[in-house]
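Chain naming follows the written order as A, B, C and D, and within any one chain the residues start at number 1.
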């Protein structure tokens, strides 16, 4: 079966083929496109399963359970650039997760996009995205990883901007693309630096790869100009790429705006897979991050950076999510917060903790997004939770699956996967000895998560139905509404018909996802850490007593307490007195009005960016324009003026000084000549007379001279 | 006044008369005669200084005078030949009119 | 203070000066030439008085004999002898005379004021023609040859100039 | 014995001079010698005129003047009286002063030139170191007087005559001086007395006269030809050529001035022949040793009369030369011959005594003489004139 490792490329190949075929098909061949897409994803899933089995068998084998296949790709000069793919537990897990979630979302989107005329194009982009994601997962070379990384970025742009006639969608696509592009720049710099230092971009190359101990040692020991170790420097640059892609604090602004795209896109890309690519990157090059000279065994500077960024993002995004009114934006900020948690897990607990939360999150976040999608679909494209309410009765399946997803996300103890993965992270944070702050931030984040999820469910499914009349729209104060958007709101004014449940093709994936949201929790519990063992290559054995070990129990207690606190608070504020009127001010708004507006306006980060980056750009453009107009133009003017001046001076000189000067000199000469000519009168006696005078003068001089002697 | 001074005065006077004639007279031949007189005045000077000079046996004065007489004769011959050819060209020996060689 | 030789000097000097003045003053050119001859003869006598016999005789032979005749011939050839109407003096004769007077004044002042010429007459040097001959042939041989060359060239030149007159006609 | 007679004049003069006070003695000596010289030569002049006319007569086969005095010897007295009594006619246009001065300027220099000739042992009027040079220097004045005479009489013929005379005298003066140069070179001094002493002594019967040497003989001949030309006599008497221009430059002269011209001419001839005697004929030396007893001055005057006879003879026999022949003869024959003569004298001076010297020198003279003659004859310049129409 090791041949499967050699042919790992088949997995991304099928969706790529499907994308290619659907790209050339005309819009009318809708069924063909959907069939192709779903078929290729199913095949990819089967192959991924096989690969998972192979990886399972190799897990305890030699080579760290890793099968590598490298091939020379590009020759420049005398050096060959090699690409390749690797099959190791990490790859296997991700393959299965991506293909499974992808398949479910493909099936769901058939129903969701049924009445959209660009159906084939949608499926073409989705297949392309899936191929790129699968390629990224199996890549054994940082270069191939980077190529797929960029393809994923491209497809996210295409899908966000799918409804390009909507200006907000186009703007959001551009914003997403540019923000991730900034991160990718750092990623590229890191990659180039890594190549220059280690000489190869392959992760594992039979000992010579850049993640293998020999090159890691050289990287870790070589200091840079600023005192950082080279490995730390490269790690930080790669982490910037991750920040961009996974929407961490400074570069998170594009993720909420990415909700402009269709909901399956949001679910697939901005919940499960693409945003996870950043975390997967950190997991993949974790040896680089943790490579240290042994001085700080439990975390190098880069891991500390990851931890701090992660914890900050977690709390920051969670606070914003509390004050959002758009159903998909709340989930988007929740995703950002959960990614922060994953980064904290990676930074403190290592690959296994981070990856376990990633996998679990992928499933229940996909579930929540698809649920939201069916809600929107049911409510005639209504996305604002203030105009929903009491949908529980109208959409029982969606309500049920959405509830399971909400409980998994907020980490309801023991039953739901979210609890175990979040607890792993908090446990790692608790045992992290560099600083206790990440632990406190993590706990606070978890509490907030629970709180805003209950608020959302209360708004959407409980309380009175609020989808009434046009009066509301005119008085909507906040800038939320996008001007000129042919959004479902116009539709709303038209009719007041009842919301309806989504068709089976959409509810089936919900049910499957909800099953996984519950099941996955059990493979990673402390009692039976199969998942962690699988990833680290050991053999996992069932031992309930580990639950009661000294470190684990208090953390479990704290996290359950926190979850119940959040749920209770949320129910207290929103569940007890259901909201009756859409425009009613939010409960929190009534309590802390300015804090609430701060949160609702997302800490004004967009405005700050607008002011800073765009402002700076505008200012710089103006400055350049001014410079060009005045300095360079001025210089040219100056040169031309001097030349003209010089020519005038030259003419003046030539005219006055030389010509007239010369003429005068000549006149003087001829005059002098004339004078002398008169002396030559031709009369011999005059000459004699002159000689006589000369003689007398000389004689006088002589006599006068020697008179003294 | 010693006799040497007398001779020198005589030669000076002779020279002056010759010069006056050369400068004042209009006719070319008279000018030549004036020049002859001046040359002779110079010879007289030589002989006077030889006679009353420190070492007369050196005979330089006398020889100088002899050579100067010879040269004067040649000069007179050439001068008169020139005057004659000028006369043949311009039919006059009046120096006032013979002034074509001028600047 | 007038001793015996000075008397003869005065006589001869006056003769020479009279001749010179006449030569410069007379209207008739031939008379001027003859006056010149008289003056040169007087000068020859002065040379004899200065015991320079050879120079005196040479002066007589060259000047009185040859140069005077030459001048007379020139006068005849240029029709100088016929009386011509215009005044004999040039227009600016006064300037010429003035210059001559100035020159004489300077020389006279030089002679009278100079101390070098004060010492008394030396005994007459006994020079013979033989000594002159020796000097000429030994010490002054080059000037003699050059003089000879000069005289021959002057001779040829004069002949050439005179000869032209016959050929063109 | 010869001594008292020889020195008779010298002793006479010394006696007279002692009469005067010492201060004046040099003047008296000078006056005595001048008077003596003038007297003797004036007498000679008178004698010469008669002798010449009688000689010419004899040559022309007729008697000379025989009416006045015995055999016509008082003829000069008659001529003298005639000259003195004749009216002195002066042309109106003549230049009075110059006209009057001309004869004087002629006579004075000629008499001066006599001062240098040694007429006898210790009987030289003035012994100058540059005697010969003095003679020629003074001789040069005669041309001036000829010009004065010719020009002042405002007569075309006289002017033409004067021009011819001057041209002739200048042309012949050069060969005259150069031929004298030969004797001076041998004697080694310009003083006439030294030249005569250089010719003293006899070898066997022959005196040491320069004339008896080849160059001497040639020199003498050339000198005599020059002398005749210099004094406008005989073949060279073109200026007075009666047939063409009446009487030359003294045509306007009459009376005593005319006589003076004649006197000047004769004295000029005597001076020239006296110099010839001094330079080449041994001055006052006797021709033969045993004739020494005859007084030195006697010999001098005897030779003088000999030369006079020669002049008269030449005058009587030779025809008058044409002007161009005269000039060509002077510049193309006389001048080269005198130069060659000087060359020969030089050769004679530095060759040892003996026959070789004689042969070489005589050949050196004869060969150029013959060649030159043939060249000139061929050129037709000196050949006798062929009258194609005349015959």
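Please note the rule applied: contacts are C-beta pairs under 8 Å (C-beta built on N, C-alpha and C of every residue); 3 or more make two chains touch, one makes a residue touch a chain.
These numbers come from a predicted model, not from an experiment.
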Pieces of the assembly after leaving out subunit C, positions unchanged: A, B | D
| item | value |
| --- | --- |
| Relative to subunit A, chain with the most remote C-alpha centre | D |
| Chain centre separation (subunit A, subunit C; CA means) in Å | 131 |
| Between subunit B and subunit A, distance of the C-alpha-averaged centres to the nearest whole Å | 125 |
| Euclidean distance of C-alpha centroids - subunit B vs subunit C, Å | 6 |
| Cα-centroid distance, subunit B relative to subunit D, in whole angstrom | 34 |
| Shared-contact residues (touching 2 or more other chains) in subunit D | none |
| Residues of subunit A engaged with two or more neighbouring chains | 685, 688-689, 692 |
| Contacts with two or more other chains, residues of subunit C listed in rising order | 54, 58, 66, 90, 95-96, 99-100, 103, 107 |
| Touch relationships between chains, expressed as pairs | A-B, A-C, B-C, C-D |
| Sites on subunit B touched by subunit C in the complex | 1-10, 12-30, 32-34, 36-37, 40, 43-44, 47-48, 50-53, 56-57, 59, 62-63, 65-67, 69-78, 80-85, 87-88, 93-96 |
| Partner subunit B, residues of subunit C touching it in the complex | 1, 5-6, 9, 13, 16-17, 20-21, 23-25, 29, 32-33, 36, 39-40, 43, 46-47, 50-52, 54-55, 58-59, 62-63, 66-67, 70-71, 73-75, 77-80, 86-91, 93, 95-97, 99-101, 103-104, 107-108, 111-112, 117-122, 124-125, 127, 131-132, 135-136, 140, 143-144, 147, 150-151, 153-155, 157-158, 161-162, 164-165 |
| Sites on subunit B touched by subunit A in the complex | 19, 22-23, 28, 31, 95-96, 98-103 |
| In the complex, subunit A residues that touch subunit B | 676-685, 688-689, 692 |
| Contacting residues of subunit D [partner subunit C, same complex] | 95, 98, 128-130, 133-134, 136-138, 140-141, 143-144, 147-148, 151, 166, 170, 173, 188-190 |
